[in-house]
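Okay, got some structures for you below.
Across the two complexes that follow, chain A remains constant while its partner is chain B and subsequently chain C.
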Partner chain A sequence: MTASVFFGCTFIAFGPAISLFLFTIARDPLRVIFLIAGAFFWLCSLLLSSLVWFITVQISNKESSSQQKGLLIFGVVLSVLLQETFRFGYYKLLKKANEGLLMLSAEETMPISIQQLAYVSGLGFGFMSGAFSVVNILADSVGPGTIGIHGDSQHYFLSSAFMTMAIVLLHMFWGVVFFDACEKRLWWSLAVVVSSHLLVSCLTFQNPQYVGSLVPTYVIMFLMGLWAFFCAGGSLRNLKFCLTCKDKDFLLAHHRPR
Partner chain B sequence: MGLESSKWIIMFLVCWLYKNVNSSSVAQKIYVEVNDTVPCVRLLNATHQIGCQSSISGDTGVIHVLESEDDLEWPLSKGPNPPYVVLLELSLFTRSIMMKMKESSSRVAGVTVVVPNANPAEFSPHTTCPNDNTGVYSDTYGPDYAHCNQTVWNPLGNGLSYEDFDFPVFSLKEDNGTEVIKQCYFDHNRVVNGSAPQYPLCAMQLFSHMHAVTDTATCMRRNEVGTFSLNPEMVCDALGDFNVWASIRPYNSSDLGHKDNESVVIAAARLDSRAFFWDVSTGAEGSISGFVTLLAAAQALRQVTEEAPPTHNILFAFFQGEAFDYIGSSRMVYDMENGKFVINLDNVHSILEVGQVALRNGTDLYLHSDPVSRMNNSINDKVKRLVINLQSSTKGVNFSLVEPRFSQPLPPSSLQRFLRAQRIPGIVLADHETSFNNKRYESYYDNANNLNLTYPSNLTTEEQLVFVTDTAKALAEVATVVARALYKQAGGNESQVDNITADPKTVTQMLYGFLVQTNNSWFQARVSPELKNQLKSSPPEFYVGVASSSKPKTLTHLVQYLLANLTGAATNLSQSQCQKPDELPGESKQMYSYLWVQGMIPPNSTEAESFCVRASVQLSPAMSPAFDLGEYNSKIYSTWTESRWKFIKARIFLVASRDLEMLTLGVGVAVLFTSLLMTYFISTKADVLFSSAREPASAAY
Partner chain C sequence: MNTSESEEDSYNERTALVASEIPSMPSYQDQPQPEDMEHKRQRPVAPEQAAEPRSQVRGGVEREPVSQDDEEELTLKYGAKHVIMLFVPVTLCMVVVVATIKSVSFYTEKNGQQLIYTPFTEDTDTVGERLLNSVLNTIIMISVIVFMTIVLVVLYKYRCYKFIHGWLILSSLMLLFWFSFMYLGEVFKTYNVAMDYPTVAMIIWNFGAVGMVCIHWKGPLQLQQAYLIVISALMALVFIKYLPEWSAWVILGAISIYDLVAVLSPKGPLRMLVETAQERNEPIFPALIYSSAMIWMVGMANPSRNAERASQDTDEDADQGESDALARDGLEPATQVSSGINRSYTTEDDLDEEDRGVKLGLGDFIFYSVLVGKAAATGGDWNTTLACFVAILIGLCLTLLLLAIFKKALPALPISITFGLVFYFSTDNLVRPFMDNLAAHQFYI
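Entry: the complex of A and B
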């Protein structure tokens, strides 16, 4: 539509991601590196799945729309499965790298824990996924026109931006839960992560009924967020401490530096 | 597989994938491109800029379909969502409406005119007094006749072609694309019971940014500044093309300047025409009637001038660029004055110009002459002799030639430029006594319908080509009279005169080619193979366009080849000999031009029999002397230039209200701030929040 819509949608889609990056990742170069590597892994999974989809589309019957729809569903499912596979692959790679890093570094403890790696890699996946979801749409939102001349819904840009925000945060939560599940060998947690990813992706087939796809996605996001919070070591007690500003006492009591 | 081959495979794969990728599908949901639009472009001369332009990033406005002149209040004052793009029917494309929009141009983003297929009753965007300041009449020469004081030649002209609009004006055809635009307006922008229409509204964006501004001197100066950089950016180009001329007895093209004892009768016609929109003009009555008549007369004279050559030479001249202050004729006169043409002005015996001759109301054609030069007795006598030669050539035709009943200036014609330089006896032949009979002068509608050119409905294209219409018969009669008069004027043998007749079949084939489609078998047989590829299934463009130093326009090329075929001779030369004729005895490239033409296709084969035509046809440059002299402010010569532009397009889409956009921005900023705050809060308390994980024991690393 115009520059204001462009900036509005960019802030909605990437606001949480940018603030997370600024406050938690930007200071530590090691985290930045792992973030970018995670983004790259997601990119590879997308490349592979889009190659497969593209080839199947070329050899299929382009006229039949039901076949194209079926191929799209197949493509989405394949892409989700490949993303999770690459996430697992990244986990394995990080485990190996950790041993190497420990050998190289002068200190005795790990420079970065596996939970932090889970968070960083999830966020990396989220950045890249969000970028691919929404950058194309943002580029066209700069022009003077808005969607609708062919009868589509006017809320396309806004709902795409909100969906992207949800996806970015979801990837981060999935990363934390996934790595934690791999550490503790909880395979059913892994299955829940993969199936929730599949569910969220398939919900987008409800578009242009944006309410039907956005509301369940946000519900899932909140649930995953809670789960990730507990996996990462949070608890209601800690939350109460923070909110009632008794955290200083807590830290002093446990001889921990701030 | 080696590294080398895998690299090639990957590159091939990437290229193949790139080829198959579509353009952005989001953009396809937003914009609908409008095809087949013709813009109005900016032209400049020594003092003004005319035409239209848009801003560099296009002009966007809410579409409003104008229903009547009173409805103009809505876009200009009452409408709540300025600026507007006004969609007009041709009947509303009048001077008063356009001037009102020009005054409130802050609320008008652009205008689109829907151009119907049927001709309007009358429409002329040209001025009422064409080529006023560059003709022969001025405050020093015939001041009573200057500025159309006595006779207004084009009274229906509304002068829109010469106004300067600072918003773009596009024209649309009346087809499906325009229906889509009107449907979008009816769905979204209609005013219901006086209340403002709700957002989202249907809007249109027009791109036609012109690079040149102010006047020719400014844009030429900017052209020169541009040449210093590596990528010279030109902003404007001079208008011009080539004149076509031929003579009965050939001239040596390297022997320029005055020729002793040479007295030439010049027969002139104009080739070009213009319209309000760029490059869509068709000058049926304005130009085609004149030059087709002259081409037929040239053909009629071929045989008799070979058998019984007249005393004086006859030179047929076809001028380009006459619509823009006489570019072609002023250049030829300049060349004659400065010894750059094969003859000089003193070698000119008299001039007969064929003007607009196709719309004869009654049975008379009129002979216009210049009253000021006729005040000189010797010129008057010569003009009278020319009139007598003309009037006595009407044996066997059903019209007569009369002079206007009262003393009247010359209509706009190339003869005026010759008179500016020297008093020469001359006559302009026209079908109008005072104002033009042409109700669509210099407009898009001066087409076949303007001449009442109709073909019976069940003919194939080949049959239409050779069907002799009434218009063709009438023009053939005029051509007969012109040919006979020229022969007599050039001192030919009186007894041969009655044998001179023009061929109506030639005339009708030329009319078909220039008014219906150039891609017909008659034209194809008479042009070169390269030119044959440029022939289309529509008439040629009659706008003179930007001067190119080497290639003439299709129209000029066609007239050159037709004139060569009609006045020249076929030879036995082969194709390579045709290109280098000087090696043969008796042939000279200086005296003649040798053109390789496609030829007819014999009935039993598919290959055309090409041959070499030798004719005395030449092209002479038709670029205004002002550009060679560097006098871009000249008031004497034409200084018309055309601006350059990058791209011209139009598209429609919906626009949302400003409130919704601001709301989106507000929500975005709010989300950003909220997330910044929360993240700060969480990151500072991260130790406490996530402390349960730091238990000793487990966690493999």
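Entry: the complex of A and C
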């Protein structure tokens, strides 16, 4: 417990996300704004799904724990669907805003492309989702206590942190693939994104058998990562150029005259 | 000495100042608003965006050769930069307040002391009585604020500048010395740090003296910004401690409504104040408004760029620039706007952009921080705090967007506080049980 667990879990959960933010988003004010707007949209979807869940709980039998668990599962599924709906809504809003700006400015290019918006909004969703899932747990990990003293799993904090990292990165990948699918009208891809989100959430129903939930989640994360990489225009050739510093476009764009 | 009395006295003064300033400054002006300075201290201030759109319009007109699309793209990027220039200090202030609330228990302890502006107690027997008391407290607080604003307008109209200036200095003295001393004392108590009076005296003396110089005279921009953030945080902490629970929420709501009314209605005292200032075209007092860019033309800590501008300007422009520089109220792009834009075709775009900044009244900082601090204080749930934080930032963003669209003065409080309140109550009552249940079973959504 205490400081080492707190810092360790915080960095596991948010390390990749924060470094992505610092290196790619923090410099550009427009991206920061869209990130925060994405977080806001996720928050709204959570609010709506909590409202529905709350109402169902109030009218249900509070004594029966199986019914409560059933309602919780219903809440999770509803929340996932609402999140994806709000992601779609955010996409529509961004398209409209983009079109409006394009009309006003009569310029060919936008200050921020739809792919960048996809990445940034996905990360915004991820940040908020991860934060809501894990911040209270992290706050508790600072204080005194013994994990799992009543027979629960001892790996609660660590597994939560790893799960959160996976969720944050997954949201980012889902965002990229989702927007790309909407742009190209590939409804199949959309369905796959939504169902993979559902799958990841439903896998967590097996917790605390972490093997059943964490391992498949990470597999899905890697697959989605690959898919997002190819959606965003990456290829093996690009990757090779990037790693060997031979990417002429990138070098030209970032060249600073002496 | 009875601590409560002295605190209330000093608080009286501060609230007196606060009260006068609270009605938000309605408008934007791209002309100097001298009086605003006084207000600014702790107050919700209407964002005054005007100068920016005006300047852009002017810039557009003068920069005929430059294409319109560059203008628009510049507008978007420029607008985004301004939004971020406000996000950062608002976030910092909130972080300071939340960190203090979570660690120093003094600011969340209620020992029955209340301000004289909220005389009705909330330790009542029934819910109805409690609600009634909080509404009465709010009415008293808001009427004090309105009264003070009217007093200020009258003082300004009759040119009692010295009085206003003195009032302002006294208030910041109180904050910089007395309240920071209290804060330091509580932090030491929390962390059990042994300290002696001579050391504390030296620390507080230095902190306060440098603060007075930076805020009321000249100093490095970032130091001034840091001091403004610190005093906003201190003020917010005092509000969080001394306002009773329900009264605080009702006051927050009422202040936003009042802000809306005072800024948008034609007979609002703030509007009158602003118009008077515009008529007189006067330079203003050093303000307690957070500014994110260099604005003075004369004798600043970073004279190079501005000296160059001053030399290039005509006398008229220079005067205008100086008064513009000093005029900061609510949300405004930095002064140089008019002088900058007049020479826009000769100066580089980024020079113009860098010189412009944004200004936001300290009252806005304070009330945003009060909201987030109260969310952090009650319940101890971090989700609620995060939700309020995001809601306030989005409200600020929307306010700036509306300003850019409507190009007229809009208050900074209503949208953010409304979002903040909605998200606070809904997250606390709806989302919290849901997320707690999910965390207990370790389900992820």
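In this section, the second predicted complex is superposed on the first by the 240 of 258 C-alpha atoms of A that agree within 3 Å, B and C clash if a C-alpha of one lies under 4 Å from a C-alpha of the other, contacts with A are read in each partner's own complex, and residues count from 1 in each chain.
In the analysis below, contacts are C-beta pairs under 8 Å (C-beta built on N, C-alpha and C of every residue); 3 or more make two chains touch, one makes a residue touch a chain.
Here the structure is a predicted model, which is why all the values come from computation and not from measurement.
With both structures placed on the common chain, the touch criterion links A:Gln83 to chain C but leaves chain B unconnected.
In the superposition on chain A, A:Ala97 makes contact with neither chain B nor chain C. In the superposition on chain A, A:Phe54 contacts both chain B and chain C. In the superposition on chain A, contact of A:Leu186 is made with neither chain B nor chain C.
Of the two partner chains placed by superposition, only chain C is touched by A:Leu72; chain B is not. In the overlay built on the shared chain, the residue A:Gly234 is in contact with chain B alone; chain C does not reach it. In the superposed model, A:Leu30 makes contact with chain C only, not with chain B.
Of the two partner chains placed by the overlay, only chain B lies in contact with A:Leu20; chain C stays clear of it. In the superposed pair of complexes, A:Ile137 makes contact with chain B and with chain C alike. Chain A residues 54, 136-137, 139, 156 lie at the interface with chain B in one structure and with chain C in the other. By the touch criterion stated above, chain B contacts chain A in their complex at residues 17, 20, 24, 26-27, 29-32, 60, 184, 200, 202-203, 205, 651-656, 661-662, 664-669, 671-672, 674-676, 678-680, 683, 685-694, 699-701. By the touch criterion given at the top, residues 68-70, 72-73, 76-77, 80-81, 83-84, 87, 381-383, 386-387, 390-391, 393-394, 397, 423, 426-427, 429-431, 433-439, 441-445 of chain C touch chain A in their complex. The residues of chain A lying in touch with chain C in their complex are 29-30, 32-33, 36-37, 39-40, 43, 46-47, 49-51, 53-54, 57, 68-69, 72-73, 75-76, 79-80, 83, 101, 104-107, 111, 128-129, 131-133, 135-137, 139, 156, 159-160, 163-164, 167, 200-201, 204-205, 207-208. The residues of chain A lying in touch with chain B in their complex are 1-2, 4-5, 7-12, 15-16, 18-20, 22-24, 54, 58, 98-99, 102, 110, 113-115, 136-137, 139-140, 143-150, 152, 154, 156-158, 161, 165, 183, 232-235, 238-239, 241-242, 247, 250-251, 254, 256, 258.
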